[in-house]
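In what comes next, subunit A is part of two complexes: it sits with subunit B in the first one and with subunit C in the second one.
Let's turn to the complex of A and B:
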């Protein structure tokens, strides 16, 4: 049970949502945007989160789009993970988010919520980091479309008054050869020790990782290592491991050593699987 | 004699609770609300071992709707089922992370929760005892300074003052020391795992009120309603007759609801608000760590054999991590000793089983009550010994399988009635797992398929006067109601009992109505619904009640039919003349007495009652363990086949096999389901469950996000269950207990299979891929 009182708003348009926030902010209230609500409920009941007002984005039609529009696939922030998988519009994303939580939870968890999660994993962002995706944001200063990489560094760096309307993925990236691998402690329903999304674009591997460090990331240095044709597979992996943005984490899911072992393993599996698609 | 067309025993009858459960209409304890109900929430300890310097409740009182705040000072006494060592609310000191410190009672649950968060406790931290091994050291900090002074509730508990030993049980059988010297082959191994949890689907919940007449009315998720009465009487001075306990269906228990924790808390809460009804419902997090869980263990086993593989001597040292209080872990310590060898004939046995206090959440009974735990250690040792002897592990088990004529570690004499057929179980399991196809096979895609086997036994260590009663009450339509205080917690007991009634009365099972809820005021006394004892204890009581009803029916019928009772038979909803079955009377015409054509009536309603009490059980001798602890030993063999991936050490469980000799199987469908559920529980515990503690004794995974279990879809691809039905002469229709058995051999079988697959000794649980990887790395170094 959530032990505190809060106000609930369900705007029906982007403008109304922005306005609602502004009004509440003038009342000095702590306001949160949310869509699926799984994190709000689970953290709040443990007193690890509180809010005086919450704004539910599920009432906004723009946040529910899931379709090809011109040269892009548009994915609304409030689209559930299961819907993305079932649509088969972007198989790499579909496969990646299918490994998040369990089926029942994925009926609720939305792509926007996953990318803006308080957890360190945010696996839904991995395929987007590889595909030159853009995001459409709303806020007091209006709506704007920006490349994901501009606002995403370790996490989505947007201000509390902003929210995500949708994601745009260029069509050219939707059906490239890809690999999605997640290694867990034991049960498939669990946080990743290593999670990778990778694809081949113009004969080069692009790869993004989650679970390895404190945040999901895509690293040009690691990709350079993986694409260095002068090296053997093992050398590529060793070189890639030297390019991690920070130390490998050590937590309840796995020790640092075992995580490193699994990371090597996963990179090898990734290279081999992607090579197989090129022959 | 006519063929009985109403046979029910041995038939796969549908469970009588199936439709309601499938429809989702069953109401559990937490589903009920009544006007005026108050809600309780606990403030719990954030330290594993600390002195309580002060508890400040002033902020909490400011929350609107708060009616009462109860702290340990208001009831500074110890309670417990075996050794009274646990204060319901901590006072003076806390001994585990998550321990109840105070109860807030408020109009609404959220108010109570808000207020509970505002209770501020000032602690003075004490050094933490973080494992059974640490607790056993002579200079270990003491968790209970005066354990020698605690009241013993039952015999066979021996706390050692000035140590962390909550109890010490010994077995001294034969001459271990001499026999050990003469063994050709000796091995010694140590095994361990941490505490874990039952994680039943339904978290614990209770409602308690004290009505103006002084009656204490309890509604609870419990396996032990009569124990709640006993505890409230013993420690709170309430007359037993003034305590009424109601139990609806239970959403899984696995032993975790066998002990009494919430009810005294809710009683104190109700008392603090003038007796109003108070509901205390645990969150999943509280259910995991504030409520008692499953023991941890460090076991060291030494086995000695001759060259042929015959076991000559066994030494067993069990350090049971019981957490902060002994609760049922003291009984588990005893159970671990009395069946310490597993189902093997070993003439010379030396066992020391210690119940160790630590600063972990406390432990209580867990399905199998010491047996899944000891079997893991014993069966790993047996595999290791087989390798050393260069014997097939199956062969080694067969050579040593215990048989009628042998005796148990406590020197109880075993015979063909009280012991199942171990060898037949081994043979059948060996066949079902295709043992002869190879224990370890490398597949074309670089994986390894491997098999592991585990043989087990268990007796039910009930109280020596454990008992059950049953009442059969007839309806005007000739159908019958069965009242019995066995709890339905998903195991199917009520269906089994209905089958016994149908069979004995030779009536359609649809005409047997079983009261699913238990009410201690109207139901006959029942010890508890634990220890795989219901089919046996309640079954015997039900048969006894049937016989009583039959004799009443015959008596009334003999008047109606103007004949002697001896000439009559009951069956098919009638009482009829044996030599002329066409001549008889319908039960519906005599169920409420017989009415003559002239209106006169005789005899009145048929109310059958029956009872059964354990026979000839004894406590164990303090120095040698000598005694008869249980009525029978069901035995079995389990096997597991895994597919292990050497690349990342991950694995899948392909197959799990159970062959059980539980005597006559009353319902093969529910029995099979029981075994599958047990296998699932055992595999989940063995493969991934367990609390993770930091150096301060804090539980790092007190929620299901991080306390991981086998999920739906991850169970073995194939469950194979088979039964050997060596009848027990004194069991109802030849049945012994089977409830816990599916879980017992799983950890041993899985650890054996994975050890074979990875070619390392896996002696610790849970069997995570990381553990296998680490063990391999260390063995290569």
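Let's turn to the complex of A and C:
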């Protein structure tokens, strides 16, 4: 049971959502945008989050788009993870989000909620970090399209009055050779100890990781190591491990040593699988 | 725009083909409303965290954890609970195949299996596995549950 009550708004357009936020903000209310709502509900139930009003973005058609438009695939923030997988429009993203939570949860979890999640994993962002994706944001100062990498550093850095309308992925990235590997503690369903999304673009590996450090990341230094043709596979991996942006997580799910061991294996699997696509 | 302030409001839900008026707060989950307002106690309260599947219902034909849905989100959407699957083929198969032990997880499993059969009448083993991972059974009757689903696939068993 959620231990506090709140106002609920389900606007039908971006403009209505922005206006609703502005009105509520003038009343000094603590307002939260949401799309799937699963994280809002679970955190609220545990009293780890509170809001006086929520704006549910599921009623906005722009947040439900999932289609090719010109040179981009447009993915609305409120599109469920299962819809992305079923569409097969961007197989790397489809396969990556297919490993998030379980099938029933993925009917409700949205891509917007996943990449704006308070959890450290945000696995849905991994393929997007590899693809020069852009995001369309809305807020009091209007709508704007910005490269994902400008607003995503460890997490999405947008202000509380802004929300994500959709993501744009250039068509050129949709069908490149890829791998998506996730290692969990025990069963297939679970938070990642290591999760990797990788692809080959212009004969170079691009890779992004989750579960290893306290946030998902893509690192140019790690990619430089993985693409260093003067090194053996094992040397590439050792060099890549020396380029991690921070210490590997050490927690109840997995010790630092075990995570490092799994990361090494996962990188080896990744290199081998991607090499196989190039022959 | 659908809006709801704080405090109680009457809203109309569409559950098992019938329109039902319920009195809710924005904070009420669908699981709470089904059990406490409509007396539909087939959806079970267990983890309330999306982990176990005991609270599964179908919304627009898709399996959803009713503990992770606000009631207010489900206005204007058809909701199916286990109570509407009385004497269904899937219920009979669960009985025939002994896919039940204590029965606590059974409503959630049956609804998930029904949605799977509707959406993928040609489901292969991988699809069945993927869908059934959403439900936990503490009595571990998984094999029998898989057999119940497979026996309703047109070919009798998945590849």
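The definition used in the following text is that the second predicted complex is superposed on the first by the 279 of 279 C-alpha atoms of A that agree within 3 Å, B and C clash if a C-alpha of one lies under 4 Å from a C-alpha of the other, contacts with A are read in each partner's own complex, and residues count from 1 in each chain.
Just so we're on the same page, contacts are C-beta pairs under 8 Å (C-beta built on N, C-alpha and C of every residue); 3 or more make two chains touch, one makes a residue touch a chain.
As the structure is a prediction and not an experimental result, all values here were calculated from the model.
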Is A:189 touching the first partner subunit B, the second partner subunit C, both, or neither of them? both
Which partner reaches more residues of subunit A, subunit B or subunit C? C
Touching A:205 in the superposition: subunit B (first), subunit C (second), both, neither? neither
Partner chain(s) touched by A:102 [first = subunit B, second = subunit C, both, neither]: both
Report for A:1: first if it touches subunit B alone, second if subunit C alone, otherwise both or neither. both
Between subunit B (first) and subunit C (second), which does A:16 come into contact with in this model arrangement: first, second, both, or neither? second
Looking at the overlay, what does A:237 touch: subunit B (first), subunit C (second), both, or neither? neither
Looking at A:89 after the superposition, I want to know if it touches subunit B, subunit C, both of them or none. Which is it: first, second, both, neither? neither
Subunit A residues contacted in one complex by subunit B, in the other by subunit C: 1-2, 4, 42, 45, 102, 187-189
So in the complex, the part of subunit B that touches subunit A is made up of which residues? 109-110, 113-114, 117, 283, 285, 647-648, 650, 687-688, 692, 700-701, 703, 705-706, 708-711, 714, 766, 768-770, 773-774
Note: in the complex, subunit A contacts subunit B through residues 1-4, 42, 45-47, 102, 183, 185-190, 252, 254-255, 258, 261-262, 265
If we count contacts the way the header does, which residues on subunit A are in touch with subunit C in the complex? 1-2, 4-12, 16, 20, 37-38, 41-42, 44-45, 54, 56, 58-59, 98, 101-105, 107-108, 187-189
Under the stated contact criterion, what part of subunit C meets subunit A in this complex? 1-7, 25-29, 32, 48-50, 53, 56, 62-65, 67-70, 72-73, 112, 130-131, 133-135
